[in-house]
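Here's the structure we're looking at; comments come further down.
Chains: A, B, C and D, in written order; residue numbering restarts at 1 for each.
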Amino acid sequence: MFYRENGQFKTSYKADQQVFAIPQDRWAILALVVFAFVGVPMLVDEYMFRAILVPFLILSLAALGVNILVGYCGQITLGAGASMAVGAYAAYNFMIRIDGMPALASILLGGLMAAAVGIVFGVPSLRVRGLYLAVATLAAQFFCDWAFLRIRWFTNDSSSGSVSVPDISLFGWTINSPTDKYLFCLGILVVFSLMAKNLVRGNMGRQWMAIRDMDVAATVIGIRPMYSKLTAFAVSSFYLGVAGALWGFVNLGSWEPAAFSIDRSLQLLFMVIIGGMGAISGSFFGAAFIVILPIFLNQMLPLVGSLFGLEVSIALVSHVEFIIFGSLIVFFLIVEPHGIARLWATGREKLRLWPFPH
Amino acid sequence: MSGRKIGEVILDLKNISLSFGGVKALQDISFNVLEHEIRAIIGPNGAGKSSMLNVINGVYTPQQGEIIFRGQHHANMDSYGAAKAGLARTFQNIALFKGMSVLDNIMTGRNLKMKANMLQQAFWFGPAQREELEHRAKVEEIIDFLEIQHIRKTPVGRLPYGLQKRVDLARALAMEPQILLLDEPMAGMNVEEKQDMCRFILDVNDQFGTTVVLIEHDMGVVMDISDRVVVLDYGKKIGDGTPDEVRANPDVISAYLGASH
Amino acid sequence: MTTANILLNVNSIEVIYNHVILVLKGVSLSVPDGSIVALLGGNGAGKTTTLRAVSNLLHGERGEVTKGSIECRGERIEALTPADLVKRGVVQVMEGRHCFGHLTIEENLMTGSYTRTDGKAAVAQTLEKVYNYFPRLKTRRTSQAAYTSGGEQQMCAIGRALMANPTMVLLDEPSMGLAPQIVDEVFGIVKDLNQREKVTFLLAEQNTNMALRYADFGYILENGRVVMEGAASELANNEDVKEFYLGISSGERKSFREAKHYRRRKRWLA
Amino acid sequence: MSGMLYSLVALGFVLIFKASGVFNFAQGAMVLFAALAMARFSEWIPDWLGMENLFVANLLAFAVSVVIMFVVAWLIERLALRYLVNQDGATLLMATLGIAYVLDGIGQTIFGSDIYKIDVGMPKEPVMMLESVFEGGILINKEDFIAALIAALLVISLSIFFQKTATGRALRAVADDHQAAQSIGIPLDRIWVIVWCVAGITALVAGIIWGSKLGVQFSLSTIALRALPVVILGGLTSVPGAIIGGLIIGVGEKLSEVFLGPYVGGGIEIWFAYMLALVFLLFRPQGLFGEKIIDRV
């Protein structure tokens, strides 16, 4: 009943092109953001921040990056983890090698470095498509795994490839408590999400989608595939690089190359599939789903097992996690290839029309 | 008819030959297109009509021959160059961007005219926003012109074939081209829809002075709306002239039209 | 028409795509044994959907029949797989031809005999028959289908369907994108097959002129509903059909140049 | 000679792709699953039946594993592929990633996640060959030789199957166009089960050979990733391509490790294969023997 557009008219193209064209949506999102900044810190305990919220925020950011490349530009990547690694290690090097480098600046520079590397590894996309490209991005993944493990300079001569950073600070605000970390990541995520939304609703986003949907036609109307694909790789890698740096600096504190392995790449891809390809909100849904599911299963499975008088070992939990995870991916691909975001949108559509079915 | 004036030669194709892996798709074909005219290309399936369009707008590079567009010689043009020079086209098997709305599809046609850089777009400020609104207004004119207001926000993948063809035309028009290349714009349409399409093509030609090069199988349409017709058969040119001349050409009758037409 | 010789009967079916988009809103039709029945109508009227509903190919497009029934010789067929239907003699030739690009023409034809169980000799005989009807295909038998012309591909698609020895062929837009001469040829062959081999055709076609010339009976679909039906000759003489589907008004063909901006909208009352 | 083994895994990829247009990321998981089944049953069966004969036990275990792979193929079709008809390649690719996870999980739940051995009595001592042809001959592992023989046998029989039989033709038709294949009565479900069964058997063969060489453990499923460049190099649709690609990559990896490795710190064989494939792709996008990609506007 409240979700009605009666009496709301759009009289200019500007009004029609807003991010949230329906006022109810606009207010709801604004309320959500305010709640995230003010309400959540008052309600939630440390464990929640550390185990769920901070990883969720950072992985959302990374998923945004993957979504730009896979969902909007249609270039499958299995090398997202590599971009995160480049971001993290580049940021680390900027921080320790340049005196007085502010943390935020080195994180952003890490992102830029990831973008540069992303462009290089995006070059094969000009020649190959689809499955072949997926393999090309795997090359990037394995190369980066190797480089950060074997080339000592990147890790400041640490033998295991493991590096650590002290707590970071921002204009005198030292980010060390879980709440601080949460707010810092949230701030970055909000800004980056808005930017992503702006990009995809504008000319840039249309070029990406045009390349995704039909590249020959796109060239014929004057879109340069090289420019569009490489910008997608660059922007996507930038997001991933920043997310990688945050993951290292804020979430982990100290890390080794395994933190950004092929498993991470696959995980990010799954977030985008489950959340919704080609939808900004899908990145959040997907990240939330994948962060929460293992925790949920870890809590639930022993309980369920005890109901039937079964001892559920940790190994079994991890195996079952695999099974449920895989099944859910197949399930989503079958039921709704556009992910949770589309389910959400359909639900909203139904609400607008309610009580009529069509 | 209004004061549409057929002008000078705008596009001149000289001795074009094209082959793929030994198969000769086009053999030594020459013809020209005059400014503001409607030029039809007809011929049996596999005669090389679509290849001809692909050569004109740079999707294929001919092994031999020359393309002269507005007095400038091109051994070949790439598609991007062709788009920049003012050539737009539609496709035989509709090549719309299926995941995007009608509006976004047409907006992509304005891509070459949009200048805001990525950073401006990311922050959606100043030039980026102004530009977006200006082009939206232009696109809305085209939407009005082709009478597709009601489906503006619909994803094109969901539209019936006939409307998709219209959106394809709208996207090409959004480029404000000098020459519009139409590849079977009326395939799979019934008479009523064909009439609509003819009206749009004639209006575009008439109001904007756009030159039209068109491939079409419906002889009724071709004979009624085109100024001159080229006939291809197995990659060779077998006829060229006004509709009446072509209709009377014995080669064309035996290769293509058949006795009943 | 008596019910005895009705081959296919469609009873007010409703088809929904993606759980939300209602495409057919109650379509009924019947096809007598040995006839050619044409489904006419504009784009998006629901012709292709009707054919797909019959041949059960809606699944790949995320569509489903939600109401009504489809019967073939009195047997309900909505739940059968396409393969079961082919075994019962109902084959669809899809819009846009869909030949297997990497296979040669002959291999394409041979795939059509997959469901046959009557032995190699019988299949070889059918292949010969198909080559007789489409001599052009014989000359191209070893070329990869992707490299043949549109006309040849259409013939290949029809020939491939014939290889299953069907009693009924669902033919979707056979004339689309074909040169006039080839269209004549294809329709001529359809008529021939109908008369000599007793194959029943249900045909969706935009080219009303052609369709009404060759069909026995026609249905006009608009917006997912049947708006008019009748013998082909009757339809061809109906004023509205003439004006909107044949482009003839007050006795003569109207020039496309004179298509008006504002014209009489149609009013189906039938 | 790990190249031969890559080839066997790559063969599984090529088969499924050629016959259904699906790029099967789960092939590695299938190899692991099959190897686990084989390893465990060859342990369990003698226990259950109380017999000593290794050969019979292995044969029984092999038979049981084949049956299990068939059941897996049937389940995959029944529960997943059936609902994904007519989706595009990327969607199917990601579905197989999901399947890979499920298989990994189930395999380890049922069979356990320790390291197991497969002993099919393959001779391990190296032999000299071609001594008569040139001096010294070539030192070849008998095991590798047998693996190569099996691979060659598989390739020949599969090529005949694809080119000559009606089912082979139907498989290729399905790969080209799902819907058209359905429309002329090719039963997609049955075709897919057949393909996955065949892929399951190649996975089993690969699993046994790998397993008897290196033991069966979780890391086996990652060899699928090592086999990817092989497929790319040889061409996605070419059975001989998989074999030759495997040899090139196998030899290339070793050579690179020997000649290049010392300069950059070693461990490069993992990405070297990928780079090789990548460079190759830039020049010949369809691979060495792949069918030309037919692209018409």
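A few points about this structure:
We take it that a contact is a pair of C-beta atoms (placed from the backbone, for glycine too) under 8 Å apart; a residue touches a chain by one contact, two chains touch by 3 or more.
What you see is a predicted model; the values in this text were computed from it and never measured.
Within the contact network of the assembly, the step distance from subunit A to subunit B comes to 1. On a Cα centroid basis, the chain most remote from subunit A in this structure is C.
Centre-to-centre separation between subunit A and subunit D, using Cα means, comes to 33 Å. Subunit A and subunit C have Cα centroids separated by 48 Å. Distance between chain centres (mean CA atoms), subunit B to subunit C: 30 Å.
Listed for subunit D are residues 297, each touching two or more other chains. Contacts with at least two other chains are made by residues 216 of subunit A. Within subunit C, the positions touching two or more other chains are listed as 147. Taken together, the subunit D residues at the contact with subunit A in this complex read 23, 79-80, 83-84, 87, 89-91, 93-95, 97-106, 108-109, 113, 225, 228-229, 232, 236, 264-268, 270-271, 274-275, 277-278, 281-282, 285, 297.
By the touch criterion stated above, subunit C contacts subunit B in their complex at residues 21, 40-44, 96, 147-152, 173, 176-182, 184, 206-208, 244-247, 253-257, 259-261. The residues of subunit C lying in touch with subunit D in their complex are 55, 57, 59-61, 81-83, 85-87, 91-94, 98-103, 107-108, 110-115, 144, 146-147, 157, 160-161, 163-164.
Taken in their complex, subunit B has these residues touching subunit A: 57, 59, 78-80, 82-84, 88-89, 91, 95-100, 104, 107-112, 114, 116, 118, 121-124, 128-129, 131-133, 136-137, 140, 171-172, 175. The touching residues of subunit A, counted against subunit B in their complex, run 13-14, 17, 195, 198-199, 202-204, 206-207, 209-210, 212-214, 216-224, 231, 235, 278.
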